[in-house]
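What follows is a set of structures for review.
Two complexes, one shared chain (subunit A), two partners (subunit B, subunit C).
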Partner chain A sequence: MTFYVIRRVFIGILLLFFMSAAFFALTRLTPGPPFSTGENPRAHQELVDRRLHNLGLDQPWYQQYPAYLNALVHGNLGDSYVNNVPVTTLLWQRVPNSVLLLGVSLIVSLLIAIPLGVFAATHQYSKVDTTTSVLSYVGISVPSFVLGIFLLLGGAVWLRHVTNGGFYFPLFGMHLNASTTDLGDLVWHMVLPVTSLAILSVAGFSRFMRASMLEVLHQDYVRTAKAKGLPARSVNYKHALRNAILPIVTLVALQTPQFVSGAIITEGIFSWPGMGLLAFQAALTRDYPVILGVVMLVAALTILFNLLADVAYAVVDPRIRY
Partner chain B sequence: MADQPLEKAPQEFKSMLGGTKLASVLASEGALRKAAAKEDLVVAEVAEPSELGFWRLSVMRFLHHRAATVSLVILAIIILAAVIVPIFQGNLFRTQDYTHPYGAPFQFQSRVISLPVGLSVTIPWSDHLFGTDGLGSDELARLIRGGRVSLTVGLLATVGYIIIGGLFGALAGYYGGWIDNALMRLTDVIIAMPFILVVIAVTAAFGGVSLTVLVGVIALLGWFEIGRLMRAQFLVLRESEFVQAARALGASDARIIFRHIVPNSLAPIIVSATLGVSGIILLEAALGFLGLSIPPPEPSWGNMLSDYNDFVLRGQVYLIAFPAGALVLTALCINLVGDGIRDALDPRQR
Partner chain C sequence: MHLGSRLRAVALASVIPFAIVACGPGGTPSSTIKEGGTLVYALDSDPVTFNPFETSTVPDIRANQFLWPNLYQADKNLSVVPDLAAGPPTVSTDLKTWTVKLRTDAKWSDGSPITSADVVATVHMQANAKLDTDASYDWSILTDPVSGVTAPDASTVVFTLKNPFAPFYANNLVGYVAPASVYANADPTKMRTFQQDKPTVTGGPFLFDTRVAGSEIDYKANPNYYLGKPHFAKVVLKIITNSTAAAQAVISGDVNWDPEITGAAIDTVKAATGVQSYTYPDLGYFDVRFNDRAMWVNKSKATLFGDVNVRRAFAYALDKNALVKAATDGHSTPMWGDIVPASAYYDDTAVVKYQQDIPKAKSLMDAAGWTVGSDGIRVKNGVKFSGKFFVRADKPQRVKAVQIMSEQLRTNLGMDLVPTPTDFKVFYAPIQAGNFDLALAGFGLTLDPDDYTTFSSSQLRPENSSSGSNWTGFVNAELDAAITAQRNDLKATAAETFAARKADFAKIEHILGDNVVSYFLWADNVGMAFNGVNGVVTGNNDSLNYADQGRNVQIFAQWSLVSPK
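Take a look at the complex of A and B:
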């Protein structure tokens, strides 16, 4: 087990290394240098060249990469080209906000999806089951920005009549103004973005939970438990659910990149000052160090979560041995 | 003789699938066999379902999936509209009617049409059935034209990544070795990245986005799932008996791959590709929404929504509802068709 974990960590580091090389090459090989967008078009060419030279960007990527890698090993992700702040500082500002938003929506969606999926599976082909599966079908076909826009519309326009003109839900940002740290205010600001993220995850998770639960319910030991005369509730929740819930752990771990992808759009719509918004703005201005920083962070988290999921799996399920 | 089972077969089939056309096909085949039997020819006994062939049976099974069939019809209408209607509309999608910006949808006025025979009839008529956008362009024309972009990107990128992924997956699965290792590690790398962020970074780096760039970027970055699927299929089929038989008969690698393994590994690829089309259409829409798809005035369902702030604050729900509805309807139909295809190709998975 220890050997397995060490091996996995080693492979993960190797993977991160490859990823940094791949993404580094990808950003450098695409046409157009940085500063060709979002900069003053009348900027003196000589100044632009000097800046490129100072940042080492006039060299080919395979000569830039070792320097980058060296800095990376020392925990330095470089400075943002656009606002000259270390990328680590930017990430420290933004990541907690994203974690707050994504974590809360993940918990909310799991709290809804798991009971829903279990109920749908134990009452297969009932009205609740068919309604759930139809709704989750629609749910996976709705892109996150469409949902976000409609929530905005609902919060802004349709609920206006309730409050005599003002917006019912705050539409943008984390706080009413930057100085407040009021918890109630924060929660109130989170309602719409969390709803937007959670609805989409519920659709996916509940489908998965239903399938997983159905698979377990058809297994022999469940039939044995039923044959012993155990009440249905005990069979469903004590015997079946415990095994059916395991794959969800892996699913959640595997979905980390998708969460961040979804967060890019949701954070954009609701102006949530998180990592996704940072990465999007960086991509538009070709702020390579920031993009690379976010991608590496997400990749590292994905690898870490996968490892944790596998280890947790082995702890919970004694049949699995590494 | 083989008379009896042959005569019984059509009825059995009719009750099983309920297809009358199928029954008649089977009946004619049965008659043929009976004639052959009368002349005392030896008729080979074949299990009934296999006489229809895998693909015919799959089509029959698909048509019995009601939601999938309805979705296929709706999808066909959407695709036909997107292909045909813009040909007749010319520049209507970017003709700006400055006198009617933000025109409301479904505004009918009566219009008198005089027929050549001397009669004249009054019909309800609307210049802009779905209203107009902020520049006074016809929303319906934009919607149909936008569908063209979305569907083109969806289909072309999918074809692209089936070719790339299929090829790499086949090579990796069949030959194994370093190409297999390279593929698997590359997939690990790509899977751990947030896909949309990578696509945004690459498309933003290209500056002006065109259809070619969009399709190229999505196809080049999105083929990994198909690649893995193809690899898994090849790993299983490579060791199967019919492939061993082909190899024993001296078939070349190319012949084994393309004649024997590929046709047998298509089913999951087709399902995954169908679902992939809806994924790419939604991805393109997300990119358009962020302003990174086809630049205006060319509309796409995504970039029609990119001015959402205006629409939300002005309360112009229809300008949001039509593109969003088109997007969701298309994605839903494709997903249902994909589901239908999965059930049809692999009935065990139900």
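Take a look at the complex of A and C:
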């Protein structure tokens, strides 16, 4: 196991190295200059040239890359071209907000999806199963921007209208105002974006859970447990669920890096100051260091959580040996 | 410097700002003014900086507008009026020396007086060749970036110009003033990061209070503001990244002021009750910019639109009003020149309006030697009338307009103009190099309609200028003379100056239209909406351009809330 982990870490570092080179080259090879002056046709060429020179962007990408890699190895992601502050500062401002939003939405969606998937599997072809399936497919099919806007208009506008201002959810942001530290206010602001993200996740997770549970329920050991006369509840939840949930653990582990990358569409609709919005704005303004910072952070976390998922698999399933 | 009798007053504007105060903000009766409360303002993106020298994007300018005083500012009809200045500037008999007297009651937030040294230091920094920011300043008209602006006493600033320059008033004197005590000794090469998070000394109607990155910025009323403490106790800028949410927020009253409502949200806000909403043409326009040269600059191709008859045929083949309405869903104002209707210089009789006349368009193409080929596309000397119609790929309205025009021109006239959506980062490259046939371009405008950089032959890019915006290749001595005239026409009185320049601009507009140098399309209609704000006054055509992007910051001290909370 130790050797396996060491080998995976080594491979992960190599992978990160190749990814950094690939993404670095991609950003530099995209036509046109970076940062906002490129958008302004009246910008003095002298100004643009000077800025490009100061940032070292007047050199070929392969000459810029060693300096970037050296800084990256030392934990320096560079400075934002737009905000003129270290990328790490921007990431630290936004990562907690995205982790909070996506973490809560994941917990909520798992709390709903797992029982729903188990129930659908144990009541296969029942009305509940059929209804769950239909709703799941609807949930999977609805684009996040449509769902988000509908929730915004329904939960913040329509609800306010029908209750004459008595009950509604906020239209935007994380807090009522900058000085608010009230947890209740934060939760109130999270309701709509979390609902939006959870609906999309529940649809996927519940289908996955149902399929996994059905597969386990047809295993011999489950049949044996039933033949022994164990109650259905014990068979389903004590024997079947513990095995059926393993793939979900992997799925959750692989989705965890998304907490950091944020949810671009949902954060945009609900003005949630997270990583998704930061990455989106960086892409619009071609803020290379920020784009690369987000990509490399997510890449590193994806590799890490892949490894953790595999290790966790071995821990919880004695049959697995590395 | 003794200017004495050599100076003659040039009353370039006639509005006296102090008159506004007498009858309350924006003409609102004093009895309706209520003190206190928080004005909530919607900002669509997090600003980057609070350093005025670095502000270059709209969110930056909007976030900074509450903090900095202007030397001069725009009034509701975009005329230039004093802000920190005590009155209009005086200009010497040779029209090269401009003298500005400052009001003496203005103070910075640290209590020190705002003096001519601050104005001079601001100009010196802006004109410093080493200034490293994304904002661009043009003080090249001064005889020298340092000695061209001086402060003979604490309340007098003297600008010395290389030559008479009428746009100097609107283009150079309307702008922020920053405290010399903070910025004069700052390193211009490091200005980009200097006090970008929090300014220490400001002088506008509000003071910086707190900021939560990505969420909001709070300001509090400046008790030392020279018009008196603003009626709002606080201003809170909420970062609302979704336009639907922002529009709904102003309808619900969560937001008091949304400065920019566009597209379908305009209709939603207009239909709402209890919301003051205004729609008006933006300060900018879109046009089809032809390559009017005979050949591409790299000589690889003869241009399609070098012949004026072809450009006129283009104009006669289209129904501009229907085209613009279809492309923008009616959220724009058709344009026939490069002066927006909100400008006092706009003259509807000067522009040349081409009504759709397809037979005439066809005959013009025939006259130009382009005959219809077997496939319906016109041909001349064996060369098809075929080219790329460039448009920015990220602008759906513009892409739609190009698609409509291409289709109509193919059907009506036999022009094969292929819509070519292009990433904005590379969009301008072929156009600025002069190797293109036509493109749909956009231009922002300043308070002064000076179109020197866009249409003077001295600004032909790349032939005569490396930074000019005249990409058309059009050269016309009469047009150049008219453009030069409007830049030099400074007369003894404001009325005379205005009349002379308006006549110059009328001539320019006629030449541009008659030669179809560009085919002007539209100005975007923008919406501004308020909920519970007193004192808002609109200009011509309901215009509130003056109330946006720091063009007039005194209004923030004049408006008040209907129900302060």
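Everything that follows uses one rule, which is that the second predicted complex is superposed on the first by the 303 of 322 C-alpha atoms of A that agree within 3 Å, B and C clash if a C-alpha of one lies under 4 Å from a C-alpha of the other, contacts with A are read in each partner's own complex, and residues count from 1 in each chain.
Following the convention adopted for this analysis, a residue touches a chain if its C-beta (ideal position, glycine included) is under 8 Å from a C-beta of that chain, and two chains touch if they have at least 3 such contacts.
Keep in mind it's a predicted model, so treat the numbers as computed, not measured.
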* To do: Once the two structures are overlaid on subunit A, check if subunit B and subunit C clash or fit side by side.
  => clash
* Report for A:94: first if it touches subunit B alone, second if subunit C alone, otherwise both or neither. => second
* Asked: Touching A:76, do we find subunit B (first), subunit C (second), both, or neither?
  -> neither
* To do: Could you say whether A:64 touches subunit B, subunit C, both of them, or neither, answering first, second, both or neither?
  => neither
* Asked: Does subunit B (first) or subunit C (second) touch A:149, or do both, or does neither?
  -> both
* Go through the superposed model and pick first if A:172 touches only subunit B, second if only subunit C, both, or neither. => second
* Asked: Regarding the shared-chain residue A:157, is it in contact with subunit B (first), subunit C (second), both, or neither?
  -> both
* Please work out whether A:281 is in contact with subunit B alone, subunit C alone, both, or neither, and reply first, second, both or neither. => second
* Of the partners subunit B and subunit C, which touch A:302 in the superposed model: first, second, both, neither? -> first
* Once the shared chain is lined up, is A:54 touching subunit B (first), subunit C (second), both, or neither of them? -> second
* **Touching both subunit C and subunit B, counted on subunit A across the two superposed complexes** => 30-32, 36-37, 149, 152-153, 156-157, 268-269, 286
* In the complex with subunit A, residue positions of subunit C that touch it -> 45-46, 48-49, 56-57, 132, 134, 136, 192-193, 196, 210-216, 218, 236, 238-242, 244-246, 248-249, 252, 254, 423-426, 428-429, 432, 441, 453, 466-467, 469
* **subunit C-facing residues of subunit A, complex** => 30-33, 35-47, 50-51, 54, 82-85, 93-94, 97, 149, 152-153, 156-157, 160, 170-175, 177-179, 267-271, 273-274, 277-278, 281, 286
* What does subunit B use to touch subunit A in their complex? -> 185-186, 188-189, 191-198, 200-202, 204-207, 278, 282, 285-286, 289-290, 305, 308, 312-313, 315, 317, 320, 324, 327-328, 331-332, 335-336
* Structure fact -> Seen from subunit A, its contact residues with subunit B in the complex are 15, 18-19, 22-23, 26-27, 30-32, 36-37, 137-138, 140-146, 149-150, 152-153, 156-157, 257-258, 260-261, 264-265, 268-269, 276, 279-280, 283-284, 286, 291, 294-295, 298-299, 302-303
